[in-house]
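Shared chain: chain A. Partners: chain B in the first complex, chain C in the second.
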Partner chain A sequence: MTQLMPFPFALRHTGDHSGGGSKFTTGPLDKTEGWAQINGIRNEERELIAAQVQVLEHSRSMEKLLRGKTPREALLIMQRVCGVCPVVHGIAAVEAARKALLAALTALTASCEGFKISRRTQLLELIAMLGGTLKSHLEHIYGFVAPEMIRVDSILAPDAMKLKVVRMAMDLIKVATKVTDYVTGRSVHPVTFHLTGSTAEVDAKGLLGHAACIERAKNEYFERMVEFIATMRSAIPDFEVPRRFVALDGDEYPLHSGDHVLVGDLGRLQVRDFFSLIREDTPPHSKTYFVTIHDEPYVVGAAARWFYHEPKLSPYARSVAAEVGLPSASMNPFHNTLAQLVECAHILSILPRLLTELAELPDEELPMVAHTKDGVGIGACEAPRGTLFHWALYRDGKVASARALIPTSQNLAAMERDLFEYARPLAQAGATDGELSRAMIALAHSYDLCMSCAVRMLKKEDLVHSHVH
Partner chain B sequence: MTVLILVLGNPELRGDDALGTVIYEKLQEQALSPDVTVHNGMTGGWDLMIPLTDGHETLLLVDSLQGGGPPGTIYREEPDTFKPTRTTACISPHDLDFPTIWQAAVQMGYDLPKKIVVFGIEPKTIQQGVVAISEEVAAAVPKVTEMIIAECERVLSET
Partner chain C sequence: MPRHYTALPVLSIFEASTCAGCPIATFAGGHLAEIATKFKLGNVRFLGKGGKIRRSNVALVEGVAASAEEELRLHEIRRNSDVVVTIGACACKGGIPYGIHEPEEGSTDAETCAATRYPRPVTSVIQVDALVGGCPIVAEELQRVVAQTLRGVAHRALGGSVCVECKLDGRRCINKDESRDEICLGSITQRGCAALCIPHGGCKGCRNMNEGANVESFVRTVAAWKKVPEATVRHALRLFNNKI
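And now, the complex of A and B:
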């Protein structure tokens, strides 16, 4: 058997797996996008000694593609890492540029406080993100977790298709997508984000119409969608594991961008200081970065936002949390799904108010700015799956270097650890490979994986050389 | 009576699969009836459910279609429905093809378009990494665009 190379945190919990034993795999996981599978490794005594999240997708080299690009080009390119979350990538990229070129932007204004985007732009970007988060969470809860709750293979199984809540979720996804379409021009790769603001063309009639659709959806069928999850609550395993959560800080429940990060026992850090803490490694069994802090895993996403910001949620969202039995400061990875449902409730509560506020704001002309300056900026946003960071170094107004820190990459180390801690006692109790696979798939689902933008490392074995002699 | 023109295909990275986007852009230049909606579904997967279930009575589907003819061959078909290519294994919503989405919408109880017309062009290549459509497919685009516009006018005049 191949000797596995040392890996920082893996050795601490997986033990020696250089001898005999066996390996099983879940096969490709169903998830929002991308290819990944989970491997379990047993020793000769059938004990589980390792759990691996294996991602074999090739590098997309997005960060290299940004070099030499203007801020506008950079945000348009970076969105195209994927069509699942282009809005949040676009906003993270433009925020990085805004921070990097702050001096040039400030020169446009007479304010000594420096450049800030207008309230109109802030609302357009926030509403776009809320629509995207609502859609993403609903797809996860009712497309992946609900079928699991009724013990069928996937959303395509007839029993899943016929669930009324699946149809309701699809109807609400349509409403959410149309909101994002409206405030961005198109929700897939929008072109309305700019350095100085948004150029989306909206009017009061359209905005108030969407507000009414959201209200109607919340009142007519969201309640029943919540009831379904509440009645299926017993299908969610009780499993706790200590975790360090990471999320943006803010005066309101963070579902947009921010400048400070909450990092558990490490406190509240500026985004640039957080960036200096993290370490990205690629384990031998995967091509995706696993991110750790001081060699320890951490978790981003709805569960992290719930951990820190529960009191900032709307009263309706908190009532939904009580209805589905989501405890405060939960350490159960499976509860990420419940936290997502609570965020859906929160978004449905606040969206109509935000759309109405936007309807009362006048259109604005955006100032032009020359991109000729140097600077470094980090755009940090709360994407559906967790905190997304774009770091960019600009020289003469063009990208000299860039990095993206992706939510799923940040969760993979914790996910691997959790998979092992969850499945090991099941293996000790005599679970078969198939039973362990099913259990691990259920846990993996709760993380709402998306491999689409998770940064990958190009490895030497990926390279095909022509005969050179 | 409303018509949905749904074009499909990867717009940038798979050769002749981009013909949908090319036709979409040609249709944008036309003064189509307000009862006609043109949607570029690209590689939308599950997201195709959104325009598909908006209550249109007629669907004109546009895509590259491998029918066995030489590259650039134009096809016009009027299927009754679509056969799903996936049963229960679902890797990702992005990965689902149109026939599977169609059947999912049927099972979820949506009212779908009663009349379906498929316009296809035989591709020369849909290899990943090829960024332009072939000459043969490009030559067929104007004719197919005319056929789609004529189909819209005919359908709307029948109501």
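And now, the complex of A and C:
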């Protein structure tokens, strides 16, 4: 029987606030990618007056490093923004380069419609993204959130490792990783993304073998993984807060790249117009920028995609949504985890078909292209944690300026607001600092934070806003 | 001196400023469950075992030190670990982030870039017992290195360059192919990666450089083969090898 374990966070009181108030902090969060902590500030009457998300991660200046680099080098560098989601960074970077250098690429083809990647490359990149998203979501759901649900400190705790559902999750993560490895050469920092297409060396036997593995996982044990989450449904707090969701638009459920963004009441915008809405500020308590629209927070991620695109999910995914009790258009931040599980079901539904279609396509020789043109391009795609944008200005075929808008950065303002709205009534009801910390950590985990991506890469004065328009 | 353990050795994984790719590569492909049977886990923050730095038999450290606080933390890790292994290009030699010390072409801030203390590879902050290069690392290589260092055996690289693995694959040399504009750094880079990147644009030199590699000769030779300026070859080196 699983033993209850105390949550592994450090609790410190700094007590350095004027007026007799106090501050408490969770210390660096466990079970997140990168370094961040949550601070709560109380007044003299012990009311919670502020919640802060303090990102502790340091910048690696990735955007500045891009200057003077060719598209190929830019792609290699930007993939390494994050080792958890390098596929999406690679896709966004290569899309930005393709759009910026469209004129040079179009000269390669006789088509008057301009350069387009082949169906083979489309499928290879889409399958890579789906495999990466599946892996990332499973790691979050079963590696980060589920341990909290069953009150163990880690998925690697002996009590957790004995659980069959944990072994099932590890197996499915391995299956998803192998699919991505196969179509990208290597899932951590892929090697096959190129300006004119994918250089992946795949064959029908391998692709169909992976399709069979996915089918087996879906049919043999994914249902039990879903049932586990459904039985833990009562552990998910009922907490709603109005939010503006942002996600890419698309004919199908968007788990790939796109050119238009849905921005709630502000409608459907072209990606470049979306950039004119956003504002980036670095609060004094954090090392990364927070992003707002008209000074209001917004939310990206699985919950946002669910909000806009629920009808486009596969019937199987929608049945999983019903089973775990995910309501339509949910405004509960905790439901992001459930929305991720629904996306896992959707990916398991469609991946075998895509792998089979790819197996029927012949190999292709990619044209070489000289990088000597100027241009601006924005690559936008749906990363596991939300909409990711890479913007690049090329001069003489090399990066003159670049900028990335990261999902976690876009969510931080909303997360701070949500933490405060969630914890304030708990504080009013007499919750201790420890109880508030525990509650805020659980809410923070539902956002599936990725701090390494989110850190400030450029000083604000180095940004070249004017080139975006 | 050989080390003997009567219980499972304690393994910790620490991140400095990093993309986290190397731990992901360590755990990918089913290694997570295996690691859990062979080690007792100390600090592995992203898997729920964070907090105060614990005493470890083996500490894997990835990333670059990007601040004085991170340097202090690295020293504390060293004090609390029997064996420290740097994993990944960033920790071993600075990797891509170290490129910020190289000013971009035409820039006037050369002195500022060179004088900036951060970021720095872990190996320039603390003494380490073994290095596993790559971006990311190869999990099987890490297993071999950790097993050797736990037994007190000094790790030695496999010997040979990426060229060995490329030729075993029957590939044509990219540097000798005038029709291709990529520069391949395989001949000065340690083998052990199965020459994974060769069919996809050539080796970028993410793994540690071969001991005694004659970089100047490499630059001259490849420039002559490719009929490009030597600066073009040096530019290719700078993606992962800025400390040269």
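In this text, the second predicted complex is superposed on the first by the 432 of 469 C-alpha atoms of A that agree within 3 Å, B and C clash if a C-alpha of one lies under 4 Å from a C-alpha of the other, contacts with A are read in each partner's own complex, and residues count from 1 in each chain.
Throughout what follows, a contact is a pair of C-beta atoms (placed from the backbone, for glycine too) under 8 Å apart; a residue touches a chain by one contact, two chains touch by 3 or more.
Given the structure is predicted, the values throughout are model-derived calculations rather than measurements.
*Asks:* Specify the outcome, clash or fit, for chain B and chain C once both structures are aligned onto chain A.
*Replies:* clash
*Asks:* Which partner does A:64 reach: the first (chain B), the second (chain C), both, or neither?
*Replies:* second
*Asks:* Between chain B and chain C, whom does A:162 touch in the aligned arrangement: first, second, both, or neither?
*Replies:* Touch partner of A:162: chain B, not chain C.
*Asks:* One more residue to check, A:199. First (chain B), second (chain C), both or neither?
*Replies:* second
*Asks:* Return first, second, both or neither, reflecting whether A:73 touches chain B, chain C, both chains, or no partner chain.
*Replies:* After superposition on chain A, A:73 lies in contact with chain C alone.
*Asks:* Go through the superposed model and pick first if A:83 touches only chain B, second if only chain C, both, or neither.
*Replies:* Both: A:83 reaches chain B and chain C.
*Asks:* Of the two partners chain B and chain C, which one touches more residues belonging to chain A?
*Replies:* C
*Asks:* Scan A:188 for contacts with chain B and chain C and give back first, second, both or neither.
*Replies:* So A:188 meets both chain B and chain C here.
*Asks:* Take the contacts of chain A with chain B and those with chain C, and give the residues found in both.
*Replies:* Residues common to the chain A contacts of chain C and of chain B are 28-35, 83-84, 143, 152-157, 161, 167, 170, 174, 177-178, 188, 452, listed in rising order.
*Asks:* Would you mind writing out the residues of chain B in touch with chain A in their complex?
*Replies:* Residues of chain B touching chain A: 42-44, 46-47, 49-50, 53-54, 84, 86-95, 100, 104, 107-110.
*Asks:* Would you mind writing out the residues of chain C in touch with chain A in their complex?
*Replies:* Listed in rising order, the residues of chain C that touch chain A are 15, 17-25, 28-30, 32-33, 36, 41, 44-52, 64, 66-67, 70, 96-97, 99-100, 104-106, 118-119, 135-136, 180-182, 196-197, 199-201, 204, 239.
*Asks:* Using the touch rule from the top, collect the residues of chain A that touch chain C in their complex.
*Replies:* Result: residues 8-10, 27-35, 57-62, 64-65, 67-68, 72-73, 76-77, 80-84, 86, 143-144, 147, 152-157, 161, 167, 170, 174, 177-178, 181, 185-189, 191-192, 194, 199, 201, 368, 452 of chain A touch chain C.
*Asks:* Where on chain A does chain B make contact in their complex?
*Replies:* 28-35, 83-84, 139, 143, 152-158, 161-162, 166-167, 170, 173-174, 177-178, 188, 452
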